[in-house]
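Below, chain A partners chain B and then partners chain C, in two separate complexes.
Coming up: the complex of A and B.
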């Protein structure tokens, strides 16, 4: 096992572990507890392979289209979203891509409600009580948590108030009622409107989310066309 | 000069193309106003309850406090915000229905003119203060070391009940005072007094649904009278049964109930009792009804009101009177009601008494008027307000008998007629504390203003004066966190005031919620858990979920004490030939809802006017004055003048001018201030001799055109259907000719 010298935290994303690996590491770390390690010695860092951080907004693989999954004609249209500065620079890639956490694990309301919801801070802390607790961003998160506050996230995807969009209905059509899809592939459904978030750090708007975009998709995928379906 | 050739076809072509282009572009044009990235924050829950799903509403039960009827509500709450109110189906009173005033409770709660910080008068003006300073001042003036005691301290409130009433009484007792003035402009005090005197119970249950005919003397039971939502459901059953019930409404100007009647009778104000006695006379002498239930004195009185005398006094044609009497006899059981326009006269008590006498003659007692007994816990029962307390309060203040007054839930300075001179008398009270949500006329004259939580942010229990069958305690629980951290709960304030007088008396109770829980726990059998001491949490949660706690119904029967006094009908003063009728409406009510835009903009039930006052007059009166709709007239009484545009309508007695209550605020926030006129201000002195209630319907007025033309802003601009048969109608004459005299 190679022990990495610690570099600047701000510059480096370190992937988290999958649950199985985490326990393995914790046990290992316990066993190795007596060994003298150079630099800081959290279990996370012991195993962390280095990864070059992509600054948000730079051309990255987020723009790679996710291939249309079975049962959908993906709507055309792209949008060059701006970089939104968040209170904590949340790495979607680290969670959803590297660690393969399902989108619906955090955005759990998407299947039950009109809104996908930002996960409650208690959910973040469920993992980050033990994982990567010494990273600056996690420290910042913990600070909010201990103050009894949630980070004031900035909204990236928004629709005008006169539009009623429901995540629940769209997930039902493209995922749960779609015999050729499985819940593991939900990211492909999300990507229809959110772009390939898995490859982004903080989310950036990648699709125009205009009425034209919506109607093109509704036309191609037999969505409803009554005005009142969306403008209630 | 070059002229651009452009014919209509080209124009359409161009518009067609660019129109489509605009549409397409419009569809793909992101809205930078509402959907800009990063413009808004989205703050997740810290640690939500399991049942909370953002975007999905959760319903909580509570109680509507928009009028004294205390209907049950359910609020839809999403992301910590209450978004919509509906009726609570578990409430026996309103069984899931809610009126527009109830719906608009949201706009009282979210109103931008809410008070958010305590204010204390300094050098003549109200200035922001801290809660500590405000409470210290209250302690100095009314605490144990102030020396204040006895009747020199008073509370002035609106209708109050439940545990707030218990704590308020305890506070009065701690000061050795019994001065609790309960003020309510729209009330049923005279009706209650008559029922109490004649039947031995003040609030019998009224079974409109069981009646085959209802004769109502100005009881607007579908709009503002007693418990309108409860009666609306009863009324729907009354109308939809196999034998469709018949409604006859006799009143000076048409109310919402009047507009629904089969027969609407324009009655000269103050002659309701005469009409009732006239009907009794026809029933006994012409229809040969058994009158043995009536005492000799009453029979003697009835005999004095033969058809011709009744016709002369009331202005109702004799054959119409006889027809109504015949219907009453045939359609038994019937129900005779008497509302505000019958009670609001110098002889108001007698008029209501005559209506009740008619019920007795018709055998309606125990049929459509059922015994309801008293509320099982008298200390929680409703202390219903009236206007007699307003004049008693004015007298006490004028005589310098009050050193300190606390007021809540009432706006006496807006409602008091000029003749009471209340503003000056009020200002002469040395120390006045307002527990208010808004800067209304009364609050503006207070020395200390304490900003209160809204009804949707507060705890409370309420007991309706009129119980619809089951007797219930209605629970009020917060539907969301207070919007303004500077506001406080009224219950918490009552606890603080009591502790101020008797330190330690409520120790161990964290707040009003804690008090309520332990007080409800002390009601025998309600929250008993396995262990007698502990509060049964699941029973408590069930009460909160239902929003109601059912209590045993008192099964005491009526007693009867039939007396009858002669009518007191005053003659008109020739200088003031018209009667001024201040009409209550189920929108602005007594003026408390004038700061709610939803209610200001909802068209009046009769005139369809929005955001303004108007004077309703008969076409004959309009012709006399030579005015058209919208023209401004003056309405003059010996106590003042109003300038107001006219609305011309046949649903009003020719000698009446009706001006709705509610507008004419000098204060009360941006939506209410400086809009319309307040007819209550120019009412003449006079009160019902028996109950002391102000004769709100007994004022006389002179009308004159000002020559100024205007335009009423109203929904719909025509009174006719222009032959479109939207609602098919035939004239009464045709009906009688074709279908017989029914």
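Coming up: the complex of A and C.
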């Protein structure tokens, strides 16, 4: 089993630095010195020029903002999503726009896990056992709550099983590590991939969420470009 | 000053490229050491792999046809009783030997260039990746693999391999492969990715020992060591170094015959990332 066959192309490691080869080292040093004196500050800059992205259709002048907020190039593409029949017609516009509730208040797992998650019914009832208890939708919600069930919400934004996507890393890059952003403006970050949910009643798919949609944004914002980073 | 600094930087980079077999520009270089003297052939690693990676149980008939889906398998070898004279035949090192075999994550892999759709490719962290949703099932890669470590989904195993409620135990971090897709050991890439995700969230580097593959975690004798070969403090790098195993060569030169450590079929120049610790002996 453990017999090592002899092959004709065995490689050997010769010592590469010997004093007899010092002349080669001196020539190399001279070349490098010449390069470094002729203007460039380091070899790293010569090797990798910074990637500059100008989205098609966007103006080339630097005056116009690149994305909806500084430091981010917004992904392009739209999608006409159908209205999804939900057990309760949850009004996103009333909560997030009129009453200015932060997205992360209900979708609290977005900043610390892969999935944003749907809030538990107890979170709804935290407010709604005192607020607007006479409305028909809230009465329906209270029924579910008293039965001890959660409303069978339907998934609107679904990714295929072979895709690995984490909300936390995207929020970290675009929101928490972005010095020009504050947590109050998280809805703009969400809107990059989820559309303007603030103006919708029941959430609807507005962005295609295809691989092209992801890779265009990854290219523009220097995201990872390795297949296995996102495919599992 | 920049002349001297550039020279020193380039020289150290050059020296590093020799030491690390040309993989020094990688972000990580995941590698493994399997101590065959510790391996008892108990098959726990194989079972752990089935649980971790959603491997289909194909049944006895298909297994006999060579369609088993065991990414991690224990190969068992018996020494020929006629070899050697009577006196040495019953010594300790003769008898059965076990060899855990998983994808060797070759750095110049024979499976990668033959894929017509680039589903098999090399990642910047030294992994030989297989992208399942890109695979069209040509099976060129499996035919070109000298180790026979790629497994093909000949049937829709997902339909009957996990009857309800067994489907509840499937790992959500890895795809359940469909019919017509080639699959193989990934060095538990889902664990690597989730650990790196946790490290990035805390703005730090991955610590040695943080990523454990399922087989390593289960091995009762700790025969399997996994880690980053570019991290000079990692256990796996120390073991490679201690046994004078190195990348970028087709034969491991040892100063001392006591040193173990060889890579499988390295004379084919496939550059595997797995080192087996066992004294190479002529029978």
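Methods note: the second predicted complex is superposed on the first by the 165 of 232 C-alpha atoms of A that agree within 3 Å, B and C clash if a C-alpha of one lies under 4 Å from a C-alpha of the other, contacts with A are read in each partner's own complex, and residues count from 1 in each chain.
Quick note on the criterion: contacts are C-beta pairs under 8 Å (C-beta built on N, C-alpha and C of every residue); 3 or more make two chains touch, one makes a residue touch a chain.
All of these numbers come straight from a predicted model, not from anything done at the bench.
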| item | value |
| --- | --- |
| Which of chain B and chain C A:226 touches, first, second, both or neither | second |
| Touched partner set for A:210, first chain B, second chain C, both or neither | first |
| Which of chain B and chain C A:164 touches, first, second, both or neither | second |
| Partner chain(s) touched by A:82 [first = chain B, second = chain C, both, neither] | first |
| Chain B versus chain C as contact partner of A:172, first or second or both or neither | second |
| First, second, both or neither for A:155, with chain B first and chain C second | first |
| Overlapping contact positions on chain A, where the chain C interface meets the chain B interface | 160-161 |
| In the complex, chain A residues that touch chain C | 1-7, 9-13, 16, 25, 28-29, 32-33, 35-37, 41-43, 160-162, 164, 166, 168-169, 172, 226-229, 231-232 |
| For the chain A and chain B complex, residues of the former touching the latter | 77, 79, 81-82, 84-85, 109, 112-115, 117-122, 145, 148-161, 204-205, 208-213, 215 |
| Contact footprint of chain A on chain C as seen in their complex | 2-3, 6-7, 9-11, 14-15, 18, 77, 97, 99, 121, 123-124, 127, 129, 131-134, 173-176, 189-190, 193, 197, 200-201, 246, 248-251, 253, 262, 267, 269, 278-283 |
| Chain A-touching residues of chain B, taken from the complex the two chains share | 24, 26-31, 33-48, 53-56 |
